[in-house]
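Labels run A, B, C and D following the written order; every chain starts at residue 1.
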Amino acid sequence: MISFNLFVLPFSLGLIYLLYMIIRWWYKWVKALPEEDRNLFKAGIFSKKFLSALKEIFSESLIHRKMFRRNALLGYMHMSFALGWFLLIVFGNMESRIYSTSHVNPPYYPIFLKFFIHDKTVLWFEINTVPGFFRFLMDFLLLFVLSGLILALIKRGKSRWFGLRRTTNSQLTDKVALTCLWLIFPVRLLAESFTDGYYGGGGGFVTQHLGNFLALIFQESSRHIAYALWWTYSLALGIFFVTVPFSRYWHIPTELLLIFFRHFGITSRKFSTSFTHVEIGACSRCGVCIDVCQLGSAARIHDIQAVYFIRSVRDEQVNRDIALRCLVCGRCQEACPVGIGADTIRLIERNTFSGTHDADFSYLPASFPRKASVIYFAGCMTHLTPAIIKAMKGILKQAGVDYLFLDEGGTVCCGRPVILSGKHDQARDLIEFNKERILRSEAHTLVTSCPICLRAFREEYNLPIRVLHHSHYILELIKAGRIPLQAVHRKVAYHDPCDLGRGSREYSAPRELLSKVATLVEVSQEGKDALCCGGSLGIYTVSPRKRDLITKDALEHLEASDPEVVATACPLCKKTFAKHAQVEVLDIAEIVYDAIPV
Amino acid sequence: MINEGKKRIWKDYQKEIADDRYFYVRSCIRQNFFPASEKAFLRIMQEELKKDVFENAAHTTCSGIGYHSDVVPFDTTMTVIARQFSLMTESGNENLVTSCITSFGLYNEVLETWKHFPDVLKKVRGYLKTATGREFEIPKNVAHASDVIFRFRKEISAIGVNRLVHHETGRPLKVVEHIGCHYSKMFPSKGVGGAEYPYVLVGMVEEWGGEVIDYPERRHCCGFGFRQYLVRANRGYSLANSKKKFESMKPYKPDFILTNCPGCPMFLDRWQYTLSEMEGVTYGENGRGIPVLTYEELAGLILGYDPWDLGLQVHQVPVEPLLDKMGIQYDTSRKFLGKDGQDLGRPDAPSVLKFF
Amino acid sequence: MINFGYTAHKERLIDYDKNDKRVLEHLKKHEPSVLTCIACGSCTATCSAGQFVDFNIRLVQTLLRRGEIEPLKQEIRKCMLCGKCILVCPRGVNMRNLILAIQTAIDKLK
Amino acid sequence: MAKTVVIVGGGVAGMTAASRLADLGEKVLLLEREEEIGGHLRNWDRLFPNRRPGSEVLHDLKETLGNRVEIRCNESPGEIHSLQSSFIVELESGEKITCDAVLMATGFDLFDARRKEEYGYGIYDNVITSADLERMLRSGSPVTTSAGKAPSRVGFVHCVGSRDEKAGNLYCSKVCCVTGVKQAIEIKEHLPGSEVFGFYMDLRMYDRHFEEMYYEAQQKWEINFLRGRVSECAENEDQSIVLKIEDTLTSRPLKMTVDLLVLLVGFVQKPETVRIAKLLGISIGEDRFLECLDEHTRFNYTGKPGIFVAGTSRGPLTIANTIADAGEAALQIHNYLKTLK
């Protein structure tokens, strides 16, 4: 016969509900995938990808490797909860097997095992015996989890120890779930201890001693206390399970699916798909994205960070400001332990809030550029920084490149600024226009001075030719010995433009190039972590004052190691910095041009 | 409205108006538009006020329409006008009275030109001499017929039998006064009351018991503008101007519009019909239009002349409602009887504007 | 109704009293910087789209203030949102959001 | 009776010059035709750009003046005869005063807005001048239309009587632009619900803090500036004013109704000043303001030795500029007097 007691109901019902929700949503999401992605999913399940996914789940969802890399305490905290609990369940099951006669154990049986089984035949220290070993193990794991709990409590007050300046402010459901979650393990400890103490046996090295001690104090009544605690334990579990789908903890089941999706090759698209929904669900609201967001740290705007944005999407609470007030600098994406493409989701959401802007570019004249092997495309902004154009012309001339200055007579925007408004389709005409001209020139290389253009060309144009930023191309020319240089050893701090660095993964070329003509100095935040200059076209609703704050903040980092020059590789960054910089702000091209002996 | 302010301006624009012995030059188009108006003027001057008004059947157009339509050169115009002067001089008169506002403006324009460029005057005298053998004197006083009526408004009021008040309620009738552009917009000093707040018609209305409405588009042109009206393609501009005025005056519920120019009454009257047929709008009370009168017609009514003798039956917007308000008796059966009582037949009723 | 072969010409006049200010009200909330335009025209001078078509972003701001919605609607369609104008504006008017916000407001009015 | 210097005009310039001369130990007689010294400053509520009460400034000026100089109110010179190196100022009262120098600090008149007939000042109840508005503000009573209602839309017409060949004044009066902006802000302070428009040809925010004030007017007070010159005004049935203007920024005619229209009237020379100038043979400019020897270095000297000029009788000036100008004049007169001894 199967042991049963009323108090197991809350747990059981909660569990059933949670499982139902998970299955329901997973099914929904997979079913809603675009045809293509659904096929990828089917194929994925029966392939090695499945295993690799499991591997990642283990390392990320249980061990929390990324978290560890970010901050050991934070990582340990997450691990103790995830891994500890996971193992409690696994070994708990094994342990229950020892005593259970039936093959189908109700899920509550291992969870509340100590309530049903009081095995005095084995004592707590006899860990060489199987039951003894398990008792030891279970108590140990419980301690493991509780250690995490203690850290979590400390994190409340001392979040900085965990590498977090600000933490996510939570909603009601979060608070309820959290309280239950925190209750579960201490209560379990007490419940087991009281029980073991009352029956004078059956406990492990922790529970038994604590139990005996409690029994001394509470005598007979400890039995009733125990029973009350078992109820509380079950209730805590039950309530937690029920609140999960409505709280941040929903990320746990969702992230699992996300990992499978990723391993099966499913990614985000320009419009919202289930992948987007899963990403949104997978946000654990750990708040890592809050600190890296300059709008918060520099401009004191605290309600639009990725975590809040994603939450608002999930609760269908997005408003115009939260959608449009974002630098789209990519720093949060870079930092996200779950690897959620917050910027992509932001652009998708923008579509709703940027109005039905039915752009009409029919006025663009058909044009037939001359043939050339290399095209130079300055870009809109570069026309406001003539020094860059002058430098580029000089360099290309010096290298004797046969090139065509495609937008010398006036630039037709690359289309990315429109895309940044979420109106992907509206950019089509611009893209088509430029693409046609580029192809007509029959060039094999397209060089641009503007990272914004670079990104557009690479991501939106799928051109059959090489698309390079000028820093990259100039480096090539130098390596080919086509540009004589005399290094002018000025101290230079290099600023990675968002769309060149995080956007186009071009970190090394600019640095290598600079190191040939100048002395690079360390910058506290560079490469993947580089700050945005504040001039971003990604943000729509921001005052000039706020922009200034971001710019000044970025400059502080750049000028910290007092360089003679702040070098950048983007006309927009250059103009933005020029407003507040204490030192000279130059584009890489200008620095190289100055280094050419006359 | 601060009337002292207006009165002050009116004081600044006093104008000399001869009190007798006028040489009257007619308008080209009024004979067709409002046939009885000029006749009424003569009757008032001669029979009621016992003034001498001279005419000469040989006088011609002043060529103003041609001049403003760019088809008659200024030299020609000056010579034509010089001939009118010679007719006046020959009749031993020196007070010129014009029936037409455009003529009035043009006579002044020519006289000013001669004043500032004496050699031009000499030249024109030459032209006239060689062309016609005539000579002329510069008139001592140039007035528009409305100036003259204005000058004698009190006398007319004294002998008049009707007043501009509702004969039942005694409420003063609300009048929109509209001045022809060429009356004082070219030479404010030549018009009674100047260009911004002309007084010539206001004076009559006030004297005869009415109350003038000052509505926002008061200054605006009626839309005649020769080039606008004469070319069909431009006619929409003409219409739009009148419409602008009607819409601006409508809220004031005017009892009628008073004018002193050949074109204005024509267009303010006929365009009401056109607009009603084009856009289905009417500007008077209950589907009617706003009656439009010339100052002679009005003076005639004050003096108790028979409306049909004043030619009011040729108006597009029926004047009966106004006559009723003023308590003027009229015989509907006689409305469409021509000279010696022969029946001219009845016109078709417009589809929107209330006519009968 | 009779066809006379001509119609009363529509006035070119801006009838400020009758015009629709709701879009402006919306903008005052969502992009107040538009209030500070001094019509210097730098934006129009540097405009990328302006190189290819008669597009006047300075005029966009004026039309907005006058409540001339129809022309406004047509004008903003030409904008490439490239943002050059923002870089040259002496009063820090945030043109790119201006365009989007105008569109949003017009949508709302529908 | 003998005096060293006679100052004609007890406005800002006159008061300042008087106290400076007193500082320098000169004997001064200050003539003021009104019953009280202070000039136009007496009628102004608050001053641009810092909106300091005019009364406060006036109080300061009076205090520095103290009772160190003889002041005659309700007095103005009838005749001024020049002798070898001195002058006899004959007051309207008939009294004769001998002095070594005369300072023309006669100030200005405000342009008579009635001369711009088409704007309807003195004809339409709800067309007022900037001076009328100051009077309203000074009285502390709420700004209302003639019907006593709070205006929901107020318009300011810039350059009324200034930069206007038709008014015979080609010059710019300098202070009206910023006064207009100041008053527009004050309207919004009194009636936050109201809509305020400035109709301008250029906004000349030439001095310190002016441009910032303009920016504040746009950004904080949402005051609208419409570039174009009002051509004419007419009155609606409800006494509101409908004005016509070209909106030069859209190149289209524009029509707008306002409940209250404020005409920003400029500076004009006083006929009285012209009379005295003729008397003394001081040259007068095309704009009827008094000419000085040199615009840069000798701007307090008239062509005539012993006759000096200060303040707005030689052209539009702000109060601050007037005070500086008068101070300089005092010093120049002091130096001149030394050459006599």
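Following the convention adopted for this analysis, contacts are C-beta pairs under 8 Å (C-beta built on N, C-alpha and C of every residue); 3 or more make two chains touch, one makes a residue touch a chain.
Predicted, not measured: the structure shown is a model, and the values here were computed from it.
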| item | value |
| --- | --- |
| Centre-most chain, if every chain is reduced to its averaged C-alpha atoms | C |
| Centre-to-centre distance between chain D and chain C (centres being mean Cα positions), rounded to whole Å | 39 |
| Separation of mean Cα positions, chain C and chain B [Å, integer] | 46 |
| Inter-centroid spacing, chain D versus chain A (mean Cα positions, whole Å) | 67 |
| Touch relationships between chains, expressed as pairs | A-C, B-C, B-D, C-D |
| Chain B contact footprint on chain C (complex, rising order) | 1-2, 4-11 |
| Chain C residues within the chain A interface of the complex | 30-31, 33, 46, 48-49, 51-53, 76-84, 87-88, 92, 94, 96-97, 99-107 |
| Chain C-facing residues of chain B, complex | 232-233, 235-237, 239-240, 243-244, 274-275, 277-280, 351 |
| Residue ranges of chain D touching chain C (in the complex, touch as defined) | 203, 215, 218-219, 222, 224-225, 227, 247, 249-250, 252-257 |
| Complex contact set, residues of chain A against chain C | 320, 324, 353-361, 363-365, 380-381, 383-384, 409-413, 417-418, 420-421, 430, 535, 537, 540-544, 572, 575 |
